[in-house]
Structures are given as structure tokens and as C-alpha cells.
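In the two assemblies presented below, subunit A is common to both, partnered first by subunit B and then by subunit C.
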Partner chain A sequence: MKLASFLSLVLITGFLFVAINKLHPVGAPLGNPDVLKDRSSAATDIINVNTMDDYYLRNSQTETGSNNVVSSIVFDYRGFDTLGEATVLFLVVTSISMLLSLLYKREDVDDYEFRKPNEFPGDVSRIISYGSYLLYPLIITFGVYLVIHGHLSPGGGFQGGAVMASGTALLLVSALITRHVHRTRRIFSFFESLGLTIFISMGFAGIGTTFLYNFLANGSSTLFGRAIPFGPNPGFLNSGGVLPVLSFAIGVEVFFGLSIILVTLFHVARHRKDME
Partner chain B sequence: MTDFFLYVTVVLLVFFGLSAVLFKRNLIKIVIALNILEAGVNLFFIVLAYRPEGTAPIFTLAPELEKLRMVLPTPQALILTNIVIGFATTALMLVFAVFIYRNNGTLDIRNLKGVEDHD
Partner chain C sequence: MTEHLPVLIIAVPLLAAFVLPIVRILGVIPRDIFVFSVFIAVNVMLMSLIPDICIYNKTLHYVLGAASPSTLTPEGLAFPIRIVLKIDGFSLLMAVFSAIVGLVGFLYSHKFVPEDGRKNYYVILLLLMLVGMIGLEFTNDLFNFFVFLEILSISCAALVAFRTNQKHPPYAGYKYLLVSSLATSFFLLGVGLCYAQYGSFNMDYINRMLNHSLLDRVALVFMIIPLAMKAGAVPMHMWVADTYSEAPAPVTAMLVTASQASLYGVFRLSFTLFGNSTANISINYHTLGWIIIILGVLSMFIGVTMALVQHDVKRLMAFHSVSQTGYMLLGVGVGIAVYAGHDGGAAFHQYGKLAMTGGIFHIINNSMYKGLLFLTAGVMVRRFGTANLDRMIGMAHRDVFTTIAFIVGALAIAGIPPFSGFASKLIIFESVYHFNPFLSVIAMFVSVLTLASFLKVFYGAFLGPERKDLLVDNNPLPHGMTAGMGIMCLFILIMGIAPEAVIKYLIDPAIAGLVKIL
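So, the complex of A and B:
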């Protein structure tokens, strides 16, 4: 058995080493590196574009109105992929919450009290309690900034939601968890479902053309309809069509989903500690 | 030649992750090893997408178009999704580890109930 493991390990690693020779050298992927310089004047440029990535780089700004090409791929060109991923996250949160709720009784964890920083318990130092009070609003603000500016700067729903969920983790490790956080797990799951529902609704809203069609972008009279010409610009919040809406939906879903995971895991750990 | 070592790093990360998955006995270590393997895959995608002097594919306050080069955006979008899915699956695996520990009293995969010793 051990021999089989060793042989398969050596074989797989050897095949990977051999496969390196067939890859393109680092820094020379397929496509034209100067695709942004060599361009035709057409609105949708398919003349100087040989690969999918070059098409995205050249045309995503005029097609989706988003400055961030990665965001336009995640939420527009490959929006269906993102829907599947959001569903996977939803499924994982559901199963974790269901499994772990078998491990503790609701009434055992309901008596956790809210702790103010000056009533710090013995196992948490004053620096951690005060520091988390100072840091938590900043973390949430940064996460909201990442979500809102998802179509303009690095960021988006996933990163912003994860950053905000790290604020929840901070509250948990600094023992500032409130009884309310546990009581509001139902509210957490409501908002998580709401995020996914907004995403799917926006997908169906564009079904006149295709599912998840970016019907708000480029010159429509709605809030996010500003038409963006190709090229660098300072960034306009009212561009991007459905991208900011989808980014917001995913941000809500990721934040509340990861928060549910963290809170549930915390309650199991806390429950076990109390049992000992 | 130095470019070659980026791919070698990818293979080494996959190698370390895979060897730990195959030879470690502790379930927590196996979860960590899967995360290392995932890091190797992520690095592979980023290396594939690299272009010399390429900026991030974002047009906000970018240099003028004549000088502008961007790395490929699609692998970055895939990595973006992979990181969140990696987090979710890691959390799920750890929850299963919790249950396995409660049912067996150990995290050693040789001593789980119903597992025969094949060594």
C-alpha cells in the first residue's frame, strides 16, 4: 500500500515535470501583448484580437462599462459560473450549519453575555478587547469599500465579503461575541439567502436577451448606465450596469455565509470548553 | 532559465501537498496539505497569466494606452472563485474532522472505525 502511494506520487510529479516543457515560457502567453496599443476604431474590436483574454482586455470596458476587467469577467462574461459558485458556498454554509447544530443545544449557548471592554474576562487581555473595538468599524468600512468599488478598483463581492467576515472572526476571538449574534443567526441566514436571491433575480431581469445579460450598462437611463469609452479614466461609480448590483449581492452572501460558519464553529468550540 | 523555476515551484507545491495527503496520518494535516496543493494550483494559473511589465487588468488611473500592458484577466477571475471555494471546502472538511474526532476519539486515519490496516 505504501509502495503504491510512493509510486503514484513519483509518477504524478514526474509527469508534471515533463509537462513543464510543453508549456509556454513564463511571460509569453498566447495573444498579442500590445493588444491595447494596436487597435481598430471599431466599438467592438475583433480584428486585432486572437485570444479570449485579449478580447476581454480590449472590449470589456465598452461592453460592460466596468474598469476592472476581472470583475467584468466574474460577474458578466462568466456570471453563470459565479452563480454556481455562490450556490456551492450556500450549500456549504447550509451543511455546516446543519451538521454542527447537532453538537450543542440552543439553551446551552444562549446565556453568553455581552462583554464591554472594561469588563474583560480573565482569558482575554485588555489590549485585544479595546483593539478589536477600534478595528471592527475599520474592517467593515474597508469591506464595504471593496464591495462598492468592485467594478473600479481591485476588489469585488467575494473579497469585500471575506474582509467583512474577518471582522466577525475578530469579534469572536476577542470574546466580544454577544448573545445577540447567536440569536440573530436566523437573520444572518435570511440575508445570505437574500444575496443569492438578488443575484438570480438580476439574472432573470436580463432574460430578454440572455440569462445574466448586462441590460443596465452603457447608456441606459438607470443609475449605473454611464457609457465608458475605452481607455484609462479616473473611475466613475455610476458605471458598470448590473455589475455593482451583482457585486453587492455576492458581498452580502459571502459576508453572512462566512459569518454563519464562524459563529457556528465558535459555539461548538465554546460549548466543548464549557463541558470540560 | 529563471522563468523555469516558477513552474518548478508549482510542481514542488503540488508534490508537497500530495505527499502529505498520501503519507500523513492526521486528518488536520491532510486538510492543511490540500490547502498547500491548492496554493500550487493558484500559483500555476497566475504564472500562466503573467506578462512582462504587465499591470493588473484595471483601467482606473492606468498609464496611457501606448505604454499599457496588462496581464491576462481570465486566470485571475478563476483564482478569485477558487479562493472562496477553497475556504468553504476547508471549513467543511474541518467540520467533518470534528465529527470524526467525536465518533472515534482520534484523528489518526489508521484508527478509525471500520478501517482495516492495509500496511
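So, the complex of A and C:
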């Protein structure tokens, strides 16, 4: 059996080496190189575009009104994939809640007491506890910044939400909040659903044209509709069409979803510890 | 509104799953009515597409987020830049039967899964499983396919492990999760190789640009083998018995359809992505066909011989699933092997197309009768508290309806007229005989063994004296369970009595969607 697995490993590695050998160099354009050199020329000239990525680089700013090409691909051109990936996270949260819910009893987790930092059985030091209290608002602020500026700078809903959820993790391990944790679970679940519902509702809102159509871009200048010309610009919050809304929805979903996972795992760990 | 149906069929159950934690606050009965109406709505929307696609032979395209649903590429471009959903006969056929089995699974779960605070999660996962199946059957985009494959895998794994208070289900779920993540990661590697070469994810576009280089063949291996693994073909079948036997019965019925969604992936990629009917590359294609045929014959034979020796009714049926997957691989594999032969498609028209008809017909038959058999196994386990055949006796006294349902399912799987399995198996035997008589003989032999092992189950569990002392649950069956089995029986009878109509209106359009040289 070990020989078989070793052989299959060799075989797969061999396949991959063959593949690497035949791949064209990373970053090298697939299409006509002369056309691609001339990136500064008018963005409307799409006839000469030879590959999908080049189309994105040339047209995403004018089409979606977002400075961040990655965000415009993630939330606009391939928004349906992003919806699917958000569903995967929702699925994981649901599965973990379902599978682990039998491992602890609700009565047990409800009467956790508020503990002072030095009374926690894990012996968390004061520096860690108060340090995390100080860090928490900063982490949340940074996460919110990433979510809100998703269509302008690197970042976006997924990253910002994950950053915010790391704040939850910090509060849990520093053991400053234990008493109300179980009650927050239901609220977290509500907001997680709300985030996803906002996302898919924006998809349904575009159905006058197509599902997930960016119906706010280049529209009225009051609601994320500011038109962005091709080329460098300082970045305007009020642009990007539905991108900021979708990014916000994903941020909410990721923050609350990951928090549910952390809280559930926390309950299981606490329960195990209390049993000992 | 009709032009938006392709995406609505995916988005409506998705929305329902998202709002379910909020709907649950209203109570259990509104939740059940809501979910039931969503399942019905998906079925109705799918059925309403049948006339357009299957009778008028249209192909529906839906470009997500574009200025119009049917503009495949922006003006002046040769390639699509957005995700395209494409519905042809084969996608629709698979999606219709996925949705029917989904509805049956939900009905059956109504009282079968107790209302213990976890039911809500269970229903969410059922909905997402349906989304995963329909999504990967509708999409024409490789990465989107991967995303839906992921949704399908994770929801299946969680549902398999549903009974965490017992010993084995968490292990079975974990095993399925490992197998699925292995399969999806390798699939992603294959997708990456395709993207690196052609700069697009669109299957139709890649198929037009395909130059059949060595890299393409490596990508083909990385994409087909994981999907065959998820479909449970020998020698990648080690997860099937554990997973199918430990999952709750309605989930197992849906798992059968989920495996067939992966099988759909195998056929879709072999034809739509890598298929090319020009004769100069046919060597490659002949080999692919033979690989699929060998996988099929091995699955058929090893599955049924493993099934014969089982004493656990659910494991027995699980090994039969492996064996039935073999028939589908055999039928379509013969079609692939003679597709694009040097004879200009003569062999394909003579028997290859017929073999594919049999293989695809067998897919939908299997999703019905295998689902039905697993549902009856759920009743057996509920009655006797164990899946061990040696501890079951005389169920025919207590559950007349379940007995009839079991007989229908068992005769259908063994290929006895007038049930649906007969039609598809006969077509496979006849057409494969022209290709290679030996394969046909193996298929017939396996069919006999199938009948033998189901006779064993029938004789052991249903006949015999009534033993009230062995029953752990003597309550009447909930109506949901009866209704679920009834729907399955109905479809088996319809497809068995009128196979010509099914072939003409459902299977032929499906083949037209796959094959280009008709």
C-alpha cells in the first residue's frame, strides 16, 4: 500500500513537472505583445484586446467605476463565483454549528460567569487581557476600513471581514467576555444571513437587465455612480456601483460567520475543560 | 421573465437557504411550508424549460452581469469575459431529476429527522446541496463548475455526518470530506492548466481553441479522474460504502444524485470541453473512451461481487451503486470510443449513439430506483433499529406499501420489465454487443448477480413470520415518507411503461447537447 501511494505521488509529480515545462512563462501575455505594450492608449479600443485579463485591465475602470481591478473582477465580472464562495463559507458555518452542537449543552454554556482576567483557569496574564481590550477597537476599525475601501485599494469584503473576526478571536482567548457569548450567537447568525441576503438581493435588483448586473455604476452620482475615467486618479468613495454594497455585504457575512465558528469552537473547548 | 429562468433556478433556493435562519424565528410549520414551496418552485421552473429545450432543441445561454442575458461576448471580442450559464438537453435532464430527488428527500425528511434544534441546519444543507447540483449542471464556466462542486461536496459531507451522536457517521463524513477535497483540489489544478494556456474559463471557447497538446492531456487527467472518484468508480470507490450507509436515508437518496452530478461532469468535460469530432486526433479520443469503459466494467463487476457478500442492507445497496455507475460509464464510454473514429462517424451512428442513449437513460433511472431503494432501507432501519439483514424478518406484514416500493425498486435495478431499468439495460446490452461482445456478456452477468442479491434482501427482510418483538418502532409511517417513496415509484413506472417517449423527449435532446456530429 505504501509502495502504491509512493508510486502515485511520483506519477502526479511527474505530470506536474511535464505541465510546468510546457506552460508559457508567468506574466507573459498570451496575445499579440505589440498591442499589450500600448496600455496607455484609449480604453475604448477593445478590438485589439487578445485575452480576458487584458480586457479587464483596459475596461474595468470605465465599466464598473472601480479603481481596483481585482475588486471589479471579484464582485462584478465574476460576481457569481464570489456568491458561490460566500455560500461555501455560510455552508461551513452551518455545518460546524450543526455537527458540534451536540458536543456541549446549552445550559452549561449559559451560566458562564464573568471572570476577572487573573481568575480565568487558563491563567491569561493581565498584559494579554488588557492588551487585547486596547487592540480590539483598532482591529475593528482597520477591518471596516478594508471593507469600505474595497473598490479603491487592496482588500475588500473577505479580507476586512476576516480581520474583524480576528478581533473576536482575540476577545475569546483573552477571556474577557464569556458570559454573553452564547446569547451573541443568535445575533451573529441573524447578521450573517442578513449580509448574504443583501448580496443576493443586489443580484436580484439587477434582474431588470441581468442577475448581478452593476446597475448603479455610471448612473446617478449620488449613489456610488460616479463615472471614473481610464487612468490614475485619487480614488473616490462614491464610485464603483454595486461593488461597495457587495463588498460590505461580504464583509458582514465573513465577520459574523467566522465569529460563529470561533464561538462554537470556544464553547466546545470550554465544555471539554469543564468536564475534566 | 423567461430569459432569467436559468439563473433564477439557482438563485431562488440559494436565497431561501440564506434567509432560513431568519424564517426559523416564525416557527417550524411556516419554515416547512416555505422550504416546500421553494422545492416546488424549482421543479416547476425546470419543467417549464422542457418544451423549449427538449422539443424545439434550443440552447439557453445566460451571461451573468452583462448588459443583456444573451450577449455572449462584448462587441468585437472573440471570447466571453463573464460567467456564462448554458442549458442544453443534458444539463436540463440532469437538473430536472436532481430537483425531483431533492423534493423527495425533503418530503421524506419531514418527520424522519427529528425536530431537535438541528433540523434547521439540515434543511439549509439540503437546499444548498440542490443548489450545488443544479449549479454545476448549468454552468459553462470551469471555475464556476469548481465552486459548485465545492458547495456540493461540503454540504454532502456535513449531511453524511449528521448523526453525530452515533459512532460511525462522523468518520464517514470525514472520509467523504477528505475524498472530496482531494478531488476538488486536483480538479482546480486541471482548471488552472487550462486557464494558463487559453486565458479563459469558458468551456465552449476553450473547446474551439483546443490544440490537444500534451498539457491538455495532463489537464484532462487532472479533471476527469477526480470527477470519476467523486462518482464512485472503481478503483476510487473506497468511500462509497461508508458514506452511503452512514448517512440518513433521504440524504443517501440525494447522494446518489450528487454522485451522478459528478458523472455529468465526466461526460460534459469529455464532450464539451475536450471533444472534437475531427478525425486527425481520434487516437486520443479512442483511448479516453477505453479508459472510461475499463473504469465502468471494473465498477460493475467489483461493485456487484462486493454487494453479494454484505449483511448490512445499506452497505449492500451502496455497493450496488458502484455497480450501477459502471453501466453508465460503459454506455457513454462506448459512445466516446467510437465518436470521431476514422470511419467518419459511421460506427457512432450505428451503435455508439444508442450506447450513449442507454448510458444516459440509465443515469436517470438509477437516480430514481436507487433513491427509492435507499428510502425503503431507511424504513427498515427505522423499524428494526439496525441495518443488519440477519436481524430483520417479516416486514411485509407490517409495511405493505414499503414492500411494494421495495419490489418496484428491486425489479427495476435488476432490469425486469415493465420497470425502467429494463429499457436502459436492454439498450446497453444490444449496443455494446456491436462494439465488443465480451463487454456485453459481463454486463448481463452482473445484472443476474444484482437480481440475486436483491432476492436475498427480499427473502431475508420482508418474508417470513411476523416478529413484533424485533421491532423497535411500531408507529405508522409518517405521510412524508410514504409520499416520497410514492413519487419515486410513479416515475419508475412511467419511465418503464413509456421508454420511447422518455428517449424521444428527454434522452435524444441530451445527446444532441453533448455530441456535435449528429
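The rule is short, and it goes like this: the second predicted complex is superposed on the first by the 247 of 276 C-alpha atoms of A that agree within 3 Å, B and C clash if a C-alpha of one lies under 4 Å from a C-alpha of the other, contacts with A are read in each partner's own complex, and residues count from 1 in each chain.
Everything below uses one rule, namely that contacts are C-beta pairs under 8 Å (C-beta built on N, C-alpha and C of every residue); 3 or more make two chains touch, one makes a residue touch a chain.
The shown structure was predicted, so the numbers you read here are calculated from the model rather than taken from an experiment.
With the C-alpha superposition on subunit A as described, subunit C and subunit B fit side by side in the combined arrangement.
Residue contacts after overlaying the shared chain place A:Val147 against neither subunit B nor subunit C. After overlaying the two complexes on the shared chain, residue contacts for A:Val252 are found with neither subunit B nor subunit C.
When both complexes are overlaid on chain A, the residue A:Asp76 reaches subunit C alone and has no touch with subunit B.
Within the superposed three-chain model, A:Leu172 lies out of touch with both subunit B and subunit C [touch as defined at top].
Of the two partner chains, subunit B is the only one touched by A:Pro232; subunit C is not. In the superposed model, A:Met202 lies in contact with neither subunit B nor subunit C. Contact with subunit B, but none with subunit C, is seen for A:Val268 once the two complexes are overlaid on the shared chain.
In the superposed pair of complexes, A:Leu216 makes contact with neither subunit B nor subunit C. In the overlay built on the shared chain, the residue A:Pro25 is in contact with subunit B alone; subunit C does not reach it.
Here the smallest spacing between CA atoms of subunit B and those of subunit C, following superposition, is 5 Å.
Comparing the two complexes, residues 16, 23-24, 31, 52-53, 56, 78, 81, 85, 88, 92, 95, 99-100, 103 of subunit A contact subunit B in one case and subunit C in the other. Note for the complex: subunit C touches subunit A at residues 4, 7-8, 11, 14-15, 17-22, 62-69, 74-77, 79, 81-83, 117-118, 121-122, 124-125, 128, 131, 135, 143-144, 147-148, 150-151, 154-155, 157-158, 161-162, 164-165, 170, 173, 189, 193, 196-200, 213-215, 218-219, 221-222. Within the complex, the subunit A residues that touch subunit B are 1-2, 5-6, 8-9, 12-13, 16-17, 20, 23-29, 31, 33-34, 36-37, 39, 52-53, 56-57, 60-61, 67-70, 73-74, 78, 81-82, 85, 88-89, 92-93, 95-96, 99-100, 103, 152-154, 156, 158-159, 162, 231-235, 254, 258, 261, 265, 268.
Put simply, subunit B touches subunit A in their complex at residues 3-4, 6-8, 10-11, 14-15, 18-19, 22-23, 47-52, 54, 56-66, 68-70, 72-74, 76-77, 80-81, 83-85, 87-89, 91-92, 94-95, 98-99, 102, 118-119.
Subunit A meets subunit C in the complex at residues 15-16, 18-19, 22-24, 30-31, 46-47, 49, 51-53, 55-56, 76-81, 83-85, 87-88, 90-92, 94-95, 97-103, 189-190, 192-194, 196-197, 200-201, 203-204, 206-207, 209-214.
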